[in-house]
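For reference, the structures are reproduced in the following blocks.
Presented sequentially are two complexes of subunit A, the first with subunit B as partner and the second with subunit C.
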Partner chain A sequence: MSGWLRRNGWVAALAFAFAALLVATKIIQPGFGASGLESLARAALPFAFATAAMAVVVIAGGIDLTVAAVMAVAGVTSAVLMRDWGVAGTVPAVIVVLALGAVIGAINGAAIVLSRAPDIVVTLAMMYVWQGMALLILNGPGGTATPWLREVILGGVPIPGLRWLPQAAVVLAFALALVWLPLKRSRPGLSLYAIGSDQTAAFRSGVAIGPTKVLAYAVSGLFAAMGGLTLTLSTGVGEPIPGPYLLAAVAAVVLGGVALTGGVGGILGPIIAVLILRLLRLDLTLLSVDPNVTTIIEGTIMAVVVMIGGLLAIRRKRA
Partner chain B sequence: MTTGTVQAPFARIGRLLRDYPIIALLVLLVALIVLLQILNPGIINQRWIGNTIKFAIPLAMLAACQTFTMYTGGIDLSAAAVATITAFVMATQVPHLGDAAGIALALVPAVLIGLLNGFGVGICRVHPLIMTLGSGLIGIGCLQVYQRSTIATGSAIPPVLEWLGTGRTFWLPNGLWLFVPFAALMLFIQRRTGFGRLLYAVGANEGAARLSGLRTWQLYFALYTLSALIAGLTGLLYAGIIRTTSLSLVEPLLLPSVAAAVIGGTSIFGGRGSYAGTIVGALILTVLGTLLTLLQMPEGGRQIIFGGIILAVTAIYMRLTETG
Partner chain C sequence: MQPNPPKTPRAILDAQGVTKSFGAVQALRGASLRVGAGEIVALMGANGAGKSTLVKILTGALRHDAGTITIKDRPVRFASPAAARRAGLVPVYQEPALIPDLDVGQNLRLGATPVAPFRHWVDALGVTGLRMDDAIGHLPLATLRILDLARALAMEPDVLMLDEMTAALPTDLVDNVLRVMRGQADAGRAVIYISHRFPEIARICDRATVLRDGVTVGDLPIVPGVEEEVVELMLGQRMTPAVAATGRSAAKGTARLSVAGLSLGSKLAEVSFDLHAGEVLGVVALEGQGQDELFEVLAGFRRAGSGRISVDGTPVAFRHPADAIAAGLTFVPGNRADALAMGRSVRENIALPGFAAPRRWGPIAMQAEATRIGAAIDRLQIDTRAQGEVRRLSGGNQQKVTIGRWIAHGVQTLLLFDPTRGIDVRTKRQIYELCRDLAAQGAAVLYYTSELAEVPQACDRAIVIFGGRVVAEMPAAEATEAALLRAAYGLAVAT
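Moving on to the complex of A and B:
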């Protein structure tokens, strides 16, 4: 237990902060209950997937500026496919969209490996490409989402005693665990951490840098596609203009204890960080704070946390 | 032997390009202009050149923030926010305080954000990407709150900024009166001053720079404050060009400014690059913008080509400069 705490101290602290915020929310708004939790989980869903997408790549030592754009591509593609293929074609449409996300991510990764240019530059360029692609698929908000699929992320779990648990949270946990847990335990997952930690050392230990990088971006694209899909499901239409997910994802990844230099952290921390940021926003709204002040507070929290983190890292190095 | 003779010209071109990256960029710029002339004969005239320069100037100035921070391996994502804030504060304060005091006051928040960035990067050792992202968010949030309090008092752009932004001397935009001295100063700083050389030194090897007796935190404070001041200046000029302000005035220029620096051959890992290349990079992006508008493509297609060209230019550039 103490060993687990030492290794996962930051995640534990985040979980504690989240629990404290939940209590605070209950105090601010005594009516906050299952329905509040449900809408929080539903609103956080696309942010959480965007954060997971960013976290995978940052762990592998890169950064993916295309996350929001890939979400837009996946969102419009799913909306168009669900409109054209109808209810019967919903499952194939979902499969196509997820595969598309993975392929887009793999293309990003391959572009980085082949061009030998820095990740941030390549994904900056590819961001324009995928934004343009989303606009070509759908020039304005349109398409539809299949009703039964929309209900998957709506409401509580239909099991007596678990109704307080939002389905959106279950979908999120299930989707992330399904991809991330097997990956993390496998050899390619270890390679991911290896190239993020020290590329030269990883190369000399026999890790294939190129394929691992492509894998990291493909997983990132897959998560981004899930995010785009849930976005379409929660709004009911496909939106080709990327939402504010890129910067939010970077912020949550950093708050979640993933070092931008790579090789450190996991996915759980960033996900809790996303929930904290969304809940904080909800609390400030409940306190009827000006939404603009909310932006300042979010930015300040992010800046202060990373500054303290930096100072702690320096002290640890000296000690 | 045969392979040697075949490879030699390429290696020589590669070496030439590595030593003078600006040659390749100028060739690309000329090629784009020629292409434009072929696609739409007669478009290249004094008016077009004047307009292109006019819109390339703010981009090149904002890209100076990215170029200088990239020398140290950093980046300044708060630049567009700082420029927007400066423009907005200037426009709303000028009616109360007069032109000079309004402009001077508007640069205060810019300096504050620059100092905050310097503190975060230099003392707390936060990654510049995160630090400037956060400070930009905070700044824009503060601006939105500030906007609430000034919504009724109106705004005005001082005549001198309108003259700089929209006026012409002969057929060249007046912005050049600001930009030419600015660019000369930037080139002087990066080449001839100790500050400029220390920037490259920190970017090339921070540990070595520190062991040579450099107090890196002082350098970071100076660098990020300078970057914020440049961004503020850009905001003032851009307000003069657009002749109005908004809460996201300069935001569309942020990612292009990074692209301009990168296309111009500045390494995002630090230690390599020149502001001269950035200026050409900004011109290339502006010409490319006109070219893509002329092609009468849907917006999506334009963005795809824009991104593809940025990627291609950087990829080719990396390949060429690696050989030899």
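Moving on to the complex of A and C:
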């Protein structure tokens, strides 16, 4: 346990900060309870999936600027499919959308591997491709979301004693764990960290660089598709214009302890960072801080936290 | 095909007539290497002989153009390092192939290495107290090299290839490595041992295969006294160029730069020398003998463990490259791209050091600047429409800019790191002349070169570094290639 704490000190600190923020919220707004928690979780859901999508790629030493655009493609595709296929076709629609996300991600990754161009350049170009694709599928908000599926991310867990726990949080934890935990414990998962950490050493260790990169982007696409799907579920319509998820995801990834140079970090830290950033925004709103000042405060906190992280890293290196 | 030496056991690895070109440059023109079961073969050659290209081909990092490679009589052509591993050839590189951000256990799983044999070899090689959850990035380099070797041994390879395995290792670990290698050979495996350290080669190797200019020029059994023959083979029948340097000993008195007892970890040990104004002092060393670290310390990139550096008799301590520059030490890196603003013109690159300091910011006296720089360009004989980008110049011309611009600005002490790497003969001559001119103007020049033949042409005096120590010092007139190479391989210098 102490070993885990030492190696995951940053995640532990983030969890502590989140808990402290929850307490602060309760003090600011004594009425904050299960319903507040529930709306927080639901609002954070698309951000959390976007962040997970970004984190996987950044760990593998890349960066994915298509995350928000892929979410839009997945969002409109799911809305259209659920409208056209009806209630009976909901499960196939979900499967198609998730597979579509993985394929889109694999295309992004393959484009990078084949072109040998920097990730940021290729995904910038692909971002426009997928943005256009989303508008082709649905040129304005439309489609529907199957009601029973919407219920899945609504409200608390229907078990006595657990009603305070938002279903959205459970869905998030379940979806991420289902993909990430087996991956992280497998050779392909280690390979993701390896190519992000030191590509030459990875190559010499026998890691297939190209396929691993494609895998990273495919997993990223899968998470982005989950994000787009949950967005459609929570609003009830498909929205072809990408939301503010791209830069928010980068911010949460950095705050969550993933090094932008690759190889370091996990998914848990960035997810907690998402919750912190959402809760912070809520608190500042509750304190009726000018929304323009809110963004200044958010940015300042992020800069300070990242600086602290940098100083800690330097001290650890010296030690 | 060259005839196989008699009494050689069944070949496990057999490479014959391997060639490889990079564009117009032919790195390998017919390299052969044969290693039998139970043999340790040293692969030797001077810098640029094609050793590293051959190693990359054998380990699957490059593909050869022509020639045959067989492992246990099966022809192979590796598409990747993973393929070479599957065929039974496991390399241990100079740079450990371990992922810095993963722990020991994760690195083992990444390469599908069995843990129990790995542990056995770690113990046998004498590394204690290793935990599977130790992060690679926090372990010292010597430990990492041992772990890399233990991982290779755990794979039970048919052919083991060690590239400068003992560099950066303390003596006791070196002994363990040599003992384990001998044991591997005795167990019937084949070992390729690449090293610049002749005493180690004499201790464990059965044969030495010598490369020169991309061709295998010899395959000798290791017997006492074979060193001379190996050195001759590595040098070949090269024409010895006329000694251009005067060989005069520079002015005595207080040294411009004096280094005393400089030590840095396992890289530098008690390095001492004096460099006088008006002198070009050559530094000769084979790869990885500590010359990189020496120049990094002198340029202020890193701090030495102990020792003293004095400039004009005044002790100095560099905490930052700016301190070294302020003390008059100018470093010109081996990689030209590190020294030049590639996208800017020759004129701007020459002028740049002149207004690098903030106190020189402000309007530039265009007329005076233009005269000064025009004179420098004339002197450099750079064939240029001088307004063009530096990146469009040939490598040789770029290098002339990195050195020659100091003529325009004046320089006290110039630290040149392998300035003639990869440039043509004519330009090399011009660079030697530039160095001599700078020295004549009163500059002191420290000149590291990987090409031994340059020393008598460019330098007044030379020191040789081996294993982090200065092992020899000689005037240019005595610094023949053979004498330098002997010293650089750690062989006693006959004086």
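Methods note: the second predicted complex is superposed on the first by the 311 of 319 C-alpha atoms of A that agree within 3 Å, B and C clash if a C-alpha of one lies under 4 Å from a C-alpha of the other, contacts with A are read in each partner's own complex, and residues count from 1 in each chain.
What we mean here is this: contacts are C-beta pairs under 8 Å (C-beta built on N, C-alpha and C of every residue); 3 or more make two chains touch, one makes a residue touch a chain.
All values derive from a computational prediction rather than experimental measurement.
**Student:** In the superposed arrangement, which partner chain does A:306 touch: subunit B (first), subunit C (second), both, or neither?
**Tutor:** Only subunit B; A:306 stays clear of subunit C.
**Student:** Now for A:149: first (subunit B), second (subunit C), both, or neither, which partner does it touch?
**Tutor:** neither
**Student:** Figure out whether A:71 sits in contact with subunit B (first) or subunit C (second), or with both, or with neither.
**Tutor:** neither
**Student:** Name the contact category of A:121: first (subunit B only), second (subunit C only), both, or neither.
**Tutor:** The first partner, subunit B, only.
**Student:** Counting touched residues of subunit A, say whether subunit B or subunit C comes out ahead.
**Tutor:** B
**Student:** Answer with first, second, both or neither: which of subunit B and subunit C does A:264 touch in the superposed model?
**Tutor:** Touch partner of A:264: subunit C, not subunit B.
**Student:** Help me check something: in the complex, which residues belonging to subunit B touch subunit A?
**Tutor:** 75, 116, 119-120, 123-127, 129-131, 133-138, 140-142, 144-145, 148, 255, 258-259, 262, 268-269, 298-308, 310-311, 314-315, 318-319, 322
**Student:** For subunit A, which residues are in contact with subunit C within the complex?
**Tutor:** It comes out as residues 3, 7, 187, 190-191, 193-194, 196-198, 200-208, 263-264.
**Student:** Could you list, by residue number, the parts of subunit C that touch subunit A in their complex?
**Tutor:** 59, 61, 80-82, 85, 91, 93, 95-102, 106-107, 109-112, 133, 135
**Student:** Name, in rising order, each residue of subunit A that touches subunit B in their complex.
**Tutor:** Residues in contact with subunit B: 63, 111, 114-118, 120-122, 124-129, 131-137, 139, 240, 247, 250-251, 254, 260-261, 290, 292-300, 302-303, 306-311, 313-314.
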